[in-house]
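Once you scroll down, you'll see the structures, which are given as structure tokens.
What follows is a pair of complexes built around chain A, which joins chain B in one and chain C in the other.
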Partner chain A sequence: MPIVGNERDTVEVALTEREIERIKSILGRDPYITEWGMFDVMGSEHCSYKSSRPKLKLFEPAEENYDYVLAGPGQDAGVVDIGDDYCIAFRIESHNHPSAIEPYHGAATGIGGIIRDILCMGMFPIALLDPLRFGRLKNNSHSQWLLKYVVKGIADYGNCTGIPTIGGEVEFDHSFENNCLVNVACIGVGKVEDFTPSRASKPGDYAVLMGNSTGRDGIHGVTFASRTLTEQSESDRPAVQIGDPFSKKLIIEATIEAVKTGYVRGLKDLGGGGLSCASSELTGDGGTGIEFDVNKIFTREPNMTPFEIMLSESQERMMFIVKAEGLETILEIFKKYETPYAVLGKINDSKLLRITDADNMVVELDPTLLSDFPAIIREEKRPDFLDDLINQKTPERSLKFDEIIYRLIASENICSKEWIYRQYDHEVGVRSVVKCGDGDSGVLRIIGTNKYISASAGCNSKHCFLDPYEGAKGAVVEIGCNIISNGLKPIAMVNCCNFGNPEKPTSFWYFSECVKGMADSIKFLNIPCVGGNVSFYNEDEVLQKVIKPTPIIMLLGYIEGQENIITLPFKKSGNPIFLIGETKNELGGSEYHSVIYNIEGGTPPKVNLDFAKRTWDFLLDVNKKGYIKSIHDVNKGGFLITILEMSFPNELGADLNLYDCFDKDLTSEQIVFSESVGRFIIEVDADKIKEFIVLIKKYKLYFKEIGVITEEKQIMIKGLEENFNLDIMKAKNLFNSTLPRIMEGDM
Partner chain B sequence: MEYIVEVVLENKPAARDPVGSTIQKDLIAKQGYDMVLNVRTGQYLRIYVKAENEQLAERFVEKMCNDLRIFNPVTQNLTVLSVKKKN
Partner chain C sequence: MSIRIAVIQFPGSNCDRDATHILNNVIGIQADLIWHTNFKERKYDGCILPGGFSFGDYLRGGIIAAHSPAVKEAEIMIKDGRPVLGICNGFQILTEAEFLPGALLRNDTLKFECRWVHLRVENNETAFSNQMKKNEIIDIPIAHSEGRYFHDNLKELYDNDQIVFKYVSKKGLLNEESNPNGSFDNIAGVCNLERNCVGLMPHPERASEEILNPFKNAHGIKLFKSMVNFIKSRI
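This part shows the complex of A and B:
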């Protein structure tokens, strides 16, 4: 990496020679050392989105095209109006790199950061979700260590701040062994008048830094996250910070009270890039400027240089832009909560960021030079190995169907994740309506209204690995199906793109294709993208191993009326079971291939968006009529796994006759194990079958009545290559015992 | 031979210690004890181990704590306070 600076100080920066020359020529001088540090962090991939920005333009502008979107991409969180003066803020981001070397504090500070993102929109944080990826667990102490402490970090921080974790998703795959993924999402609620944008738009306002003191921790955290992990990462200590949920709780209370006064015009949290990022983005995006002395910033350690102060990523800090007439009121609130603060200075119209250290000028530049870093056009190339992989054939089946299904239900990616979510407090705040395990998404009541929201997040990394375009489409549809399954309507999306090194054309191709897939599908489904986060460099340089592409989709659902909310457990014997959606020859990237044969290839699912949209419209329509008693979307392992999951809670069985229900060209394995996207298993009220069928025909959907719910604790399957039965209690035991057995030391 | 190895695990000096600072701020400073400048917390382990001699006992405990990730060398320091022969 190039070394820059002057006779007195030098610093190593992760900037290209071209970027360095550009900075010098625009400024017409050599930057000061603190400015170099700021250019270095703000030019990092994490802050600048320099590789991803050209692709992210594919998402249509949310604020312009959807009247209920109050804040779209570029703000600290997406904000949507849900009527009657209420709005919802939500965002997802990655904390992969810190968590890979210090899982407990890495995950905890990830939660801390995402809570601040919601808070700084003026919204009160009410729920967390965490999509995770690790290496395979069995006989792998490193993956087990990461999982154990990531979950503990999330649980401790979330529980201490009193914010419930309502959902999440986890996949285990060898590609994540040294680069685990920890994505964290937060949802907040508030009144429309409390919505506070992340900019300083009015000269004369005061900039006030509030929260914990600034220390030497985390200096250069973002440049660390914009690099691949190497052997040296263990000693990259400064990039890991220690979370402090107790201070955070006070900061949340103080911030909400401050916002309620109406005197806060702008608000931004200090995360990656610290003060450099907050001060340059607030003024750069607001078209204003500011001047302050770094000595006003309260530090934890003596003798910190301006360079260290501007680059520190100490946790639990917020920057408030306060109207002049309200300054005293706001400061009184901070005093009441005993949260330290410093009035840095006044916003002015100079369009300059001027920072002094007593009498010395240490920074003097146009903040947009930092906040709008030029994009880089990256090369893309489809990997050569893909064709061979997609052409992989399913090996000859040697096991019986029931044996395969018992293995699948006990496999790491399908088994119950209760071991994880029981550590989270998922009920604190008395808003949860559908809890972890009872539905496909977490559903929350907005207290004081008849409004309900839900959220679900995830994607299928194996499908994306084989076909990133279709895989990303599949992720949007699958997450949407989770929302629909609880009776809510998807209204907005945020995403978290986790990929390898963008400087490598094949890694960048995966990113590019996934963005296309996401953009095409949300456009078709009329869902605005209101925010996102990109995490590149999830790649192990030593082992030459790249993670499977993981475009995590998070959707927000909305509905009025608790009577519209449905859950997944089978309710009553005698009710018929329907399968909606087309089952195709799509075993590529399936759990069947991976668990039974240890192969990753085959033909991955293709997504029919038109069909998905009609299915959703039908389900929202039929749901209002109350014909549906339970519903679950078909996901990993195929539709029999879905039926088993629905049978476990109330221990009800099913009698299935699959004769003539599927395309004649499909083999029995393809029928049972294919992971075709957009399908649902539905329990219909036995008295309403006729009405149900009339309505479904109107929507021209693929559907079959495949069986009936029974009292017996088994699923009986007829009409395939062989007839077989599945014992519900045996399957349930396998489903529930896998993670505890692995994590508590039996495997 | 059986040895008692006393070990302290604490956050590295540059890392924050929220528990220690809460004790210092909320329990001590508020009562007027302004001569107390800082409090750092840690974890104390007393490990009983069979080994041939003191050095081996100490080295074994250090390696075990590291290998099993009983502490994380990225954010914490391990200090062996003492190694004593068990009576």
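This part shows the complex of A and C:
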């Protein structure tokens, strides 16, 4: 990396020679040392999105096309109006690298950061979700260590701040062995009038820094996050910040109380890039300037240099832009909560960021120079190995169907995740209507209204690895199906793109294809993208491994009326079971291939967006009429796994006759184990079958009545190559015991 | 007569709004959220110390809050017979302040546990259980990592009839499987000798509305209704 600076001080920066020359020519001088540090941080991939920006343009501008979107991409969080003066803010981001080397604090500060993103929109945080990726667990002490402490980090931070963790998802795959993924999402609620932009738009307002003191922790956290993991990464541990959920809880309360006064004009959290990022973005976006002395900033230790102060990523800090007449009121609130603060100075119209250290000028530049780094056009190339992988054939089956299904239900990616969510307080706030394990998404009520929201997040990394375009489409549809499965309608999306090194054409191709897939699907489905996060450089140089592409999709659902909410468990014997959606020969990237044969290839699912849209419309329609009693979308492992999961809670069985239900060209194993996207298993009220069928025919959907719910504690399957039975209690025991046995036992 | 209840907000409380919501919107009595340094007992008929992580649970759950001025005010209320309830962290505060017997240790699972459990009413003559039957089963959730009830002289508790709730199975069986945290004798909640101060680890405010309850009942509300009944009976 190049070294820059002057005779007294030098610093190593992760900037290219071209970027260095550009900075010098625009400034017309050599930057001061603190400025170099700020350029370095703000020019990192993490802050500048310099590689991803050209591709992210594929997403339509959300605020322009959707009237209910109050804040879209580029803001700290997306904000949507849900009517009657209420709005919802939500966002997802990654905390992968810190968690890979220090799982507890890495995950905890990830939660801390995403909470601040919601808070700085003026919204009260009400829910967290965490999509995770690790290496395979069994007999792998490193993966178990990462999972244990990531979960503990999320639990300790979320539980203490009183924000319920209502959902998440986890996949285990060897490609995440050392570079685990920790994505964190937060949802906030508030009144439209509380919505506060991250902007200092009016000269004369005060800039107030509030929260914990500034220390030497986390300096260069974002530059660390913007390169691959190597043997030396252990030594980057000091770049990982330490979280303090108790301080955060006070900051949440103080911030919300301050916002409610109406005196807060702008608000920004200090996360990646610390004060450099907050001060330059607030003034840059607001078209204003500010001047302050670094000595006003309260530090954790003496003799910190301006460089360290401006680059520190110490947690639990917020920057308030306060109307002059409200300054005293706001400071009184901070005193009540005993949160330290410093009034840095007044916003002015100079369009300059001027920072002094007593009499010395340490920063003097146009703040937009820091926040607008030029984009880099990256090369992209489809990997050569993909054709062979996709042509991989399913080996000859040697196990009986029941044996395979018992293995699948006990496998790491399909088994119950209760061991994880029991550690999360998922009920605090008394909003959780559909709780972890009861549905495909977490559903919350908005107290004082008849409004309900839900959220689900995830993607199928194995499918994306084989076909990133279709895989990303599949992710949008699958997460949408999770929302639909609880009776809500998807109204907005945010995403978290986890990919390898963008400087490598094959890694960048995966990113590019996934973005295209996401953009095409949400456009077709009329869902605005209101925010996102890109995490590149998820590569482990020691094992020469790139993670499987992981474009995590998070969708927000909305519905009015409690009667529309529906859950997953089978309700009543005698009710017929329907399969909606087309089952195709799509075993590529399936759990069947991976668990039974340890292969990754095959033909991955292709997504029919038109069909998905009609299915969603039908389900929203039929649900309002009350014809359906339970519903679960078909996901990993195929539709028999879906039926088993629906049978577990009330221990109800099913009698299935699959004869003539599927395409004649499909083999029995393709029928059972294919992971074709956009399918649902539905329990229909026995008294309403006729009405149900009339309605579904109107929507021109693929559907089959495949059986009936029974009191027997077994699923009986007829009409395939061989007849077989599945014992519900045996399957349930396998489903529930896998994670505890691995994590508490000695596997 | 209008009843007025104080819900104390310590720094780090996080179930304060939840309890206030139930009292205001479900029970329909006036409940005020009060910052711990501003609380004056005079105006109130009863007081609730809510769940959460007061002072971050630093040092030990509840111990710092036990020295808050609000707890001194609560002590006055307890002494003159007004009802005081500690939920979860509030229970920890009341044991740390020695208003209630025993102590709460780390769960034997060594993990935070968020799950629905079942309680059996052992004593229905307290300020917070008088609207329940003895041996009645209550469906209610827990969410804590330090909830293992400990007492070095359990006989004394039994002799004084101070055990209010025990963890049992759905069918009411007292066994090890239904004990979520390793509490001594499955104890989930206790009272003082005068029966006007009760503490429990489970969260009645999360079990007071059918919409939130997987068993589709609202058993938790009986604790709050008992409090209202107790206040009315004192006049």
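By definition in this document, the second predicted complex is superposed on the first by the 746 of 747 C-alpha atoms of A that agree within 3 Å, B and C clash if a C-alpha of one lies under 4 Å from a C-alpha of the other, contacts with A are read in each partner's own complex, and residues count from 1 in each chain.
As a working rule, contacts are C-beta pairs under 8 Å (C-beta built on N, C-alpha and C of every residue); 3 or more make two chains touch, one makes a residue touch a chain.
Everything numeric in this text was worked out from a predicted model, so none of it was measured.
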Fit-or-clash call for chain B and chain C when the two complexes are aligned on chain A: fit
Angular separation of chain B and chain C about chain A, which is computed from CA centres of the superposed model and rounded to the nearest 10 °: 60
First (chain B), second (chain C), both or neither touched by A:D217: first
Which superposed partner A:F246 touches (first chain B, second chain C, both, neither): both
Which of chain B and chain C A:R422 touches, first, second, both or neither: second
Touching partner for A:V433 - first (chain B), second (chain C), both, neither: second
Partner chain in contact with A:W145 - chain B first, chain C second, else both or neither: first
Chain B versus chain C, judged by how many residues of chain A each one touches: C
First, second, both or neither for A:N178, with chain B first and chain C second: neither
Which of chain B and chain C A:S461 touches, first, second, both or neither: neither
First, second, both or neither for A:E102, with chain B first and chain C second: first
Three-chain overlay, closest Cα atoms of chain B and chain C, distance in Å: 5
Those residues of chain A which chain B touches in one complex and chain C touches in the other: 244-247
Chain A residues within the chain C interface of the complex: 155-156, 159-162, 244-247, 249-250, 336-338, 421-430, 432-433, 435, 438, 445, 447-448, 562
Chain A residues within the chain B interface of the complex: 101-102, 104-105, 145, 212, 215-217, 234, 237-238, 240-247, 300-301, 314-315
Of all residues in chain C, those that touch chain A in their complex: 11-15, 17-18, 21-22, 25, 35, 51-53, 55-58, 111-115, 141, 143, 145, 203, 205-206, 209, 211-212, 214
Chain A partner contacts - residues on chain B that touch it in the complex: 11-12, 14-18, 22, 69, 72-75
